[in-house]
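Which chain is which? They are A, B, C, D and E, in the order written, and residues in each are numbered from 1.
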Amino acid sequence: MAEEASHTFLRQFGCEQSLLSKPDGSASYFQGDTNVLSGVYGPAEVKVSKEIYDRATLEVLIQPKVGLPSVRERAREQCVRETCEAVLLSTLHPRSSLTLILQVIHDDGSLLSCCLNAACMALMDAGLPMSCLFCGITCSISVDGQIITDPTAEQEKESRALMTFAIDSAQKGVLMATTKGSFSVTELQECIAVSQKASERIFQFYRDSVFRRYSKIL
Amino acid sequence: MAADMRLPTRREEVPLQGTFANLVVPGDVITTDTGFMRGHGTYVDDEKLTASVAGEVERVNKLICVRPLKTRFNGEVGDVVVGRITEVQQKRWKVETNSRLDSVLLLSAVNLPGGELRRRSAEDELSMRDYLQEGDLISAEVQNVFTDGALSLHTRSLKYGKLGQGILVQVSPSLVKRQKTHFHNLPCGASVILGNNGYIWLYPTPGQLDEEAGGYYTSMEPVQLADREVISRLRNCLLALAAHKVLLFDTSVLYCYESSLSHQVQASVTCHLPVNEVLIETRGHGGGCDGDTTPP
Amino acid sequence: MATVQVSEAEKVYILHGVRDDLRVDGRGCEDYRHMDIETDVVSNTDGSAKVSLGYSDVLVGVKAEVGKPRPALPDQGYLEFFVDCSANATPEFEGRGGEELGLELSNTLYKVFSNKQSVDLHSLCISPGEHCWVLYVDVLLLQCDGNLFDAISIAIKAALFNTRIPKVHLSEDEEGGKEIELSDDPYDCVRLNVENVPCIVTLCKIGHRHVVDATLQEKACSVASLLIATTHRGTVTCVRKFGGGSLDPESIFEMIETGKRVGKALHTPLMELLKEEESLGKKRQKVGFLG
Amino acid sequence: MAAGFKTAEPLEYHRSFLKENCRPDGRELGEFRATTLNIGSILTAEGSALVKIGNTTVICGIKTELASPTVDGPTKGYVVPNVELPSLCSSRFRSGPPGEQAQAASQFIADVIESSEVIQTEDLCVEKGKLCWVLYCDIVCLDYDGNLLDACIIALLAALKNTQLPEVMINSETEQPVVDLEKKRPLKVHRHPVGSSFAVFDKTILIVDPTAEEESLSTGLMTVVMDEEGRMCCLHKPGGTALSGEKLQDCVSRAVARHTEVRKLIDKVLESMKMDT
Amino acid sequence: MPVDHRRIRGPDESFSPRLFLPSGSAKCAAAEDRRSGDGARGNMDVRAIFARCGLVSQAKGSAYIEAGNTKVICSVYGPRETERRDETEMKRGKLLADVRLAPFSCRKRGQWIQGTEEKDLSQFLLESLRPGVLLQKYPRSQIEVCVMVLENDGAFLAHAVTCASLALADAGIEMYDVVMGCAARRSGDAVLLDPTFAEEHDEHPSPSGKESRLTLALMPAMNQVSGLQAEGEMDAESLVEAARACMEGCYKLYPVVQQTLLKSVRKKAPPPES
């Protein structure tokens, strides 16, 4: 599925949708050895304390591979939640709840971007209305200044800086950004450009997989 | 100051008297005869009439029931009860009467000041809390039993109504003997309402029954010290009798009271009284305590 | 805490009774209800006692365990209090309700014992900075009919009197490390000096007077109460105001005076009783929970 | 009338101001609220700072403790930052364990510390593999009126600059550490990260230093952290409206200017403290 | 012990450097006589307080108090609808108090998780404030009082009471009287009013060996004691004496508190039309 290009190398990635029967939408997304399983419940009844009168309440839970979620997971949850909220047309389901659960199966780098991709696929599978799609891309800048997209855990460790972006499919704008390590502004702009380029491939993949599915059903 | 400390003593076992053939525990087969009807506290298993509670078998014609010895109050129409208001609702009060469910006192079932048969107006509804509010005690009669077992009460008689100053003593309902009247002005100088629900109200004997219509007025005048002593002694006597599972009615209470006079008021609490003596005495005077619980 | 409802008229009756020094159950303002005290009621503790005060029932177990001294006080052992409110006592104790009351009670107990006199903590030290005895005092409320503090403090004193801590032999092994050996002989044990363990007196302000050992009905008539813990010599180890009301300074001073007097007087019959019970030895018929 | 408009249609109310290139509190779009700083006011802490950005008040206290280092990093100490949003600071927070926002802020501060290398954990080592310092950086918000992250970073930075570590030796006989509280050395602060937060209104308008109300009405938030060399230590945009590269560039230039302002402020306060003593 | 998953965790075990002070030097700082250590303050003097209302913009009412180095901030939210309807008494409002010690407020670092000690402090604060508030005016509502101790240099609970009642007054909650707090420490025969941290934790036993701490809350206009707690060893007379000293202390601070409130009221008042 993946091909090697000079700049926008992505590890092999793929996805299986609707693999779980209980959730309203589910997906298992892998990129390289990193694998995340996601499930969406909703729109459903919402607790009164969490009810928002003009839109749906979205909750995101990230379960790490081992142990209980900690502060790091909570920060990631916030990133995923606010990204989803930006594209979901949640005003169409006021006073209801949406729950997105992301179970980390294996982490071999670029975990947050894999979470984002799995989330997007699951939301699509659940048939929730969205203004556009989004995808996650992680870039790392190695010590010698090289930009590596979709790094492995090993590459992440050796990198000088690490950035994860969520790119929307409509304008290729940056929905979410979170970084680690220090870098110059030019490097940042370069990374964004690379990510935008790489996102096209993921969006194409989204489209293909949906076509494939629906052509079977219809 | 007094602090009475002692080592606990084992309660003496009262020697069993008479036969206890009519006592059953859950699972005991009462009869295999199919001619009987199944009453409260029983069930039919494999055509055998079996007890579902521990207690005493009662037979009325073809009906067999088992009456548990200790239970919450199962009210019947005409029972006198003492209860506490727990909630003021629209057109009704909720009353705690030691039953399984809260009892109900409808606004239409009380005598309001200013005449027996007055229509209940909207103002009455708004001022319900002025008559009875949360925490108040009342005496009342069971007017009706709803299908779910909740009791509907009424206070449409001069003797019922809001209770004033006094002491509430709570005992097991099965210890209160059913009698013609449950209101007694005891000769020792105090009055008692022996509620069928096990709530017993002790209060100073009112001087004159001059209160109007059920008495939603309560005197806040201090009670005489002498009256207080009598009431406190009666309270302790009631608890002592209840602790020894003696049936409570005017005579048993009075005997106990008399035999306690040789003790100090506070010493009459529970185990210090020679209750066995009282027991025998009471029995001698015709008060049953051994199973004669069926109402006349 | 477990509460009861009381009507206005009942309150007036109680209030006037307190004024006339004749309470509902015939007691005077400074009288305690009848108390049953028994020690050594739970076999798997190092000391235990059960106290019933009116319809309040309290069980206390003391367990001694070897622990590490607190870094700040390396040459002392310490006491840990835990109060468990059984939901058997009242349905209100189920869930959070019991937890909160238990916390309030145990916090107060820590305060009552936070002085150098009550228990000789130095005697609980085994080897400074390394090992000491930790006495876990577990309180179980079986029934609540007011005045829990007083009942608990008496039960704790009785349980500590009953406590026997095994003797310890320190030995050094080859590498210089210390080893602790507990004596196997059940009679080879140390007892605590409970002379200075304080008793708590809770005074409830009702009207213009105050009463000791208030029942739940009386407590419902009172807006504020004062807890005073005193030793047999009359040294006060803890004072605390409870309840939503306030007290005027003079009545506080009066209450402290009463509390001290009553508290002091509680110790003598208690110690007599405990010694009497001990002298009975094995002859005593244990009642335990079958009373 | 204005008050009614504000409560009934808060978004329209704000828009009407933004149309005129200003904000309800009189600021321009790119203007920060007045920032004040008080360093070293908490004597029980080894280092402390109180920061106010407009109404938003944040206090940071640093406590130092001794611990043994991890096996992986025998020459490294610990920096443990935590942000607390107690019920005291706003009605939107409940007492009890920290909520998502407080946790995300804690993680953000931890990321900033790590990325900017403001403290080199090797400096905290006392003896390799045996003993090191732990810096507990507890940041408490006392008044929450938006732009929490900027305030937290300034408070943290100023408190770190105020922190003094007592001298520790290891007694060679007992192998127990011995601390001399009289002799203290200041903690070395290697870099000076400063954050600038932005809010996006109606997908196009960018404002800096949003108040709590502006935060809740905006469609996206972003924080850029710069160090003194003009490098970025952190770009934090948890989601919300998509931004183009050009817009980002604008934010970065504003953040560079902000860095100079805050740096000056910290230096000024530290200077005045030296004058006092 | 349960692990806190909602905060960033440090090493499993860490120790305050104060535990490793060379022996002997540890306590010398604490044992100083008050007169030499604290300027001209006599044993029965309270520290001058700095108080101000209305610092927290988000709160209905707030106050900040500084007494010596003890710093306490408090904000009040409400009255608002009670959350848990079932257990509330309908006729009166409900007062909630929450006292927290910032981890850096004491010599030894505290934990964020509210311990039993903080719950006990909250309880004392609640019981001290409740008699002063006209809760019957706020049926079905709750009023929340949040206190954060920023620095503890002794007697923080007493000052928390004063601070909280200032914040309640600032929030416009109806009160019978302000509630003032004062603390005292007795060591032997000497009473130290409004003690500093060092005075509170003086490890040197006095000759008689009896030491005690007392915190009292007073409503000065009504002359009613709304809160009292004492622990340690004391005889009844000295207890009464210490309580009287605390009441004196409250009366001394009363004008300052009044002035603070007046000032904040004046600030809120519309400018006189002239």
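Note that a contact is a pair of C-beta atoms (placed from the backbone, for glycine too) under 8 Å apart; a residue touches a chain by one contact, two chains touch by 3 or more.
Note that the structure is predicted; figures quoted are calculated from it, not measured.
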**Prompt:** Among the other chains, which touch subunit B and subunit E together?
**Reply:** C
**Request:** Leave out subunit C only, then trace which of the remaining chains are still linked through touching and list those groups.
**Result:** A, D, E | B
**Asked** Comparing centres built from CA atoms, which chain ends up most distant from subunit A?
**Response** B
**Request:** When you average C-alpha coordinates per chain, which one falls nearest the overall C-alpha average? Tell me, please.
**Result:** E
**Asked** Using mean CA coordinates as chain centres, what's the subunit B-subunit D distance in Å?
**Response** 70
**Fill in**
When centres are defined as mean Cα positions, the distance from subunit D to subunit E in whole Å is 29
**Between subunit C and subunit B, distance of the C-alpha-averaged centres to the nearest whole Å** = 36
**Complete:** Here the gap between subunit A and subunit C, centre to centre from mean Cα coordinates and rounded to Å, is 60
**Prompt:** Among the residues of subunit D, which ones contact at least 2 other chains?
**Reply:** 103, 106-107, 110
**Message:** Using the touch definition from the top, which residues of subunit A touch two or more other chains?
**Reply:** 71, 74
**Asked** Which two-chain combinations touch?
**Response** A-D, A-E, B-C, C-E, D-E
**Message:** List the residues on subunit D that touch subunit E in their complex, please.
**Reply:** 41-45, 48, 55, 57, 59, 61-68, 70, 78, 80-82, 84, 86-91, 95, 97-98, 102-103, 106-107, 110, 134, 136, 138, 140, 142-145, 166, 168, 176-181, 212
**subunit D partner contacts - residues on subunit E that touch it in the complex** = 4, 6-11, 13-18, 20-22, 55-59, 69, 71, 73-75, 77, 98, 100, 102-107, 109, 112-114, 144, 146-148, 150-153
**Complete:** Contacts from subunit A onto subunit D in the complex sit at residues 71-72, 74-75, 77-86, 161, 163, 166-168, 170-171, 173-185, 188-189, 192-193
**For the subunit C and subunit B complex, residues of the former touching the latter** = 5-10, 12-13, 16-17, 19-20, 22-28, 30-38, 52, 212, 261-262, 265-266, 269-270, 273, 276-277, 284-285, 287, 290-291
**Message:** List the residues on subunit B that touch subunit C in their complex, please.
**Reply:** 1-11, 84, 86, 134-137, 163-168, 218, 220, 222-223, 225, 228-229, 232-233, 235-236, 264-266, 268-272
